[in-house]
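Sharing a structure with you now.
Chain naming follows the written order as A, B and C, and within any one chain the residues start at number 1.
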Amino acid sequence: MDTLVAQYSRPLFENEGSSQEEQLELIQTLPPLSLKFALPPIAQPSAFLRATTDDHSNPDCPIKIAHGTTTLAFRFKGGIIVATDSRATAGNWIASQTVKKVIEINNCLLGTMAGGAAGTMCAGVTPQEGPALYYIDSDGTRLAGNLFCVGSGQTFAYGVLDAEYSYDLEDEAALELGRRSILAATHRDAYSGGFINLYHVKEDGWVKHGFSDTNPIFWKTKLDKGEFSNVTSELD
Amino acid sequence: MNHFPQAWGRPRDDIYGHYDASFLQSSGPNQHTQSPVVTGTSVIAVKFKDGVVVAADNLASYGSLARFTDVKRLRTFNDTTVIGFGGDVSDMQYLDRVLSSLDIKESYANDGHHLNAKNLHTYLAKVLYKRRSDFNPLWNQLLVAGTDDDGKPFLSSADLLGTTFSAPTLATGFGAHLAQPLLRRIVPDEAAVGGITQEAAVAAVKECMKVLFYRDARSLDKYSIAVVTNEGIDLKEDEKLEAQSWAFAEGIRGYGTQVS
Amino acid sequence: MAALFGQDALTDNGPGYAFSQAPSSAAGGIRERSFYPYTDNGGSTLGIAGEDFTILAGDTRSTSGYNINTRYAPKVFKIGGDDSEGTNATIILSVVGFAADGQILKERLDTIVKMYRYQHGKPMSVKACAQRLSTILYGKRFFPYYVHAILGGLDEEGKGALYSYDPVGSYEREQCRAGGAAASLIMPFLDNQVNFKNQYVPESGEGHALQERPRVPLKRKETEELVRDAFTSAVERHIEVGDGLQMLVVTKDGVEEIYSPLKRD
């Protein structure tokens, strides 16, 4: 009864627009510490989100979120190698060729990211664990392991990595293997490409080994080492 | 999450259910409040050197039925602003009550400050945007006419999604197709507004109402027209279309029984 | 043959997976609501960062389907100025996509940057503002703002800074970025003219031995001309782009606004 009275005894305009609380939220200079998501006020927000953003099910969906990627990380005797491509795609559109998919969390912890949601890897050294590597994804999967490839180009990267991987690799050989695996993925997966981002996590922290354009690396690999022989190098 | 390369990172049907494209469509089974029922058609407006002329016919349609023929779709506020409503009539009447309650609150303050057309437009746009964000839209397209903070002519639009835009000539609904090109010929840009007299603006708007009546099957020959300037509002709610000529109808072929 | 390369090539004769590979549509059933809360108002935006300046530009046409709503609806805004006009602002933002979302996003960011100065007694840096804009967008991850935002300003060293965003807040600092309806027309042009992609030093060799043309920072005047060329070309080939070109240029002296007409057909 009280709510009924309240509803009809206050001026109509007070029922419209944002509440005081909602307006205060809008002027917070600092983002809330616990993530507070705005949800569409319908029974199945996830179905609405999917309808508007899942460009695989519906290539004409109105909002296209950047997806598609290749990232990899593996443990070996010299620490951990982390390598990624740098392409972001929205449908068939290449949204960016210069994405930094490796997140430098601190001087001995790295994260990788893949896609608008979905899979990440965490690589780092801790006094307790030594060099440690985990795969995590948006479903809540968490796996510890020695070797992971993630993303639309994962299969191509696994192909090279599994063939050549050994725990006893030297540093230089391990870096080259990481680079070569991403190169294979950028070559065969249309949703991967751009630059190869390479990191080496060592006992005393990580070292960056460049953000290098794939194109010259590809031609170097082909012409100097004779790989990718299915690709012609003749211009005429 | 799907791990196959083709659909990597996308949602999986067995977890999230089927892809439901119906969220993207605006047809199919739905609640009545989610689509307009009794509707008003176009509202048209044009700026001139001292103010704005707004017009809308007096018809409220129920689908193709001309249901109510004396519905006033122009509302004044404060003797400074005219708001023209297109779209759902019940939502228009609700907004009318909201505006009246707002008017009372503002009058109580008695601080010598009055909401002008620009302020009202901002307010209405916020109300409409909030409602669309709650998935409970007020199914209207509005034109707000009056003067701004500097006393210059103000004309702006707001719709059920909260989209706003301003131009020297505006028209909602069918008018956006039929009247807007005619009005733009007279007032092509903001610079041209200063050269338009009140008489020229009124004549142009009346001519547009006539064209709309000829071709918009949901329109009426009775309409309301308002002229808003810094001197106040001149609102006429019972105008009749004059000097109609249906001679052109004879030349039309290809519809109904006349095929050649 | 087409089926072989189709996105669900595995559906018909692939291995027997435990779950269906191909996405399928709902079999009907009553939906809760039919109201679709978005629309696309067309238009295009573009940003280029230079050595000591940043330019953000956008056309001023607003559309609904094939209709032109207005020929002057700005898409580039000053953020965090002294007043509602943006006097003394040092940060600029462009939004393109659903105009109502864009307007709200701009007002939210503007308010936050103003509150920051009020609470801290100093202007917000572009870097901080860029991060904050990302969290605003990500806060609506499940009901996104349907906009492509680009943020511009000068970094701590006085160099041009440009950040571009996807609708849910993923962002990156870049040299140049085109957004909106004609992004796919303008972006390749920018890759070539700003980052000198696929440009080589003449007579530096044959085939694979060709040397890439070294990148040099652009001058302000030539950047403005580049922006104008990008838009006049986009107007020729995209129906949702035209009417006017609005440019905001940030330098150490503040924000300068330049307007020039575009074709109105």
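Convention: a residue touches a chain if its C-beta (ideal position, glycine included) is under 8 Å from a C-beta of that chain, and two chains touch if they have at least 3 such contacts.
The chain list, named the UniProt way, goes like this: A = Proteasome endopeptidase complex; B = Proteasome subunit beta; C = Proteasome subunit beta type-6.
Note that the structure is a prediction, hence the values are computed from the model and not measured.
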Does the chain-touch network form a line, ring, star, complete graph or other?
complete
What chain lies closest to the overall centre, CA atoms only?
C
Distance between the centres, which are taken as Cα means, of chain C and chain B, whole angstrom
30
Compute the distance, rounded to whole Å, between the mean C-alpha positions of chain A and chain B.
46
Separation of mean Cα positions, chain C and chain A [Å, integer]
21
Please output the residue numbers of chain C that touch at least 2 other chains, ranges allowed.
7, 23, 33, 37-38, 143
Where chain B touches two or more other chains at once, the residues are 6-7, 10, 17, 19-24, 133, 135
Give me the residue numbers in chain A that touch at least two other chains, ranges are fine.
40, 42, 46, 48, 52, 54, 56-57, 62, 116
Give every residue of chain B touching chain A within the complex, in rising order.
1-2, 5-11, 15-17, 19-24, 97-102, 104-105, 123, 126-127, 130-131, 133-136
What residues of chain C sit close enough to touch chain B in their complex?
7-10, 19-21, 23-27, 30-31, 33-39, 41, 62, 64, 67, 69-73, 98-100, 103-104, 143
Along chain A, where are the residues that touch chain C in the complex?
26-29, 31, 35-40, 42-46, 48-49, 52-54, 56-57, 62-63, 65-66, 88, 90, 93, 95-96, 98-100, 116, 219, 223, 233, 235
In the complex, chain B touches chain C at residues 4, 6-7, 10, 12-14, 17-31, 34-35, 125, 129, 132-133, 135, 137, 157, 161-167, 170, 176-177, 180, 189-190
Which residues of chain A touch chain B in their complex?
11-18, 40-42, 46-48, 50-52, 54, 56-58, 61-62, 67-69, 114-119, 137-139, 151-155, 189, 191
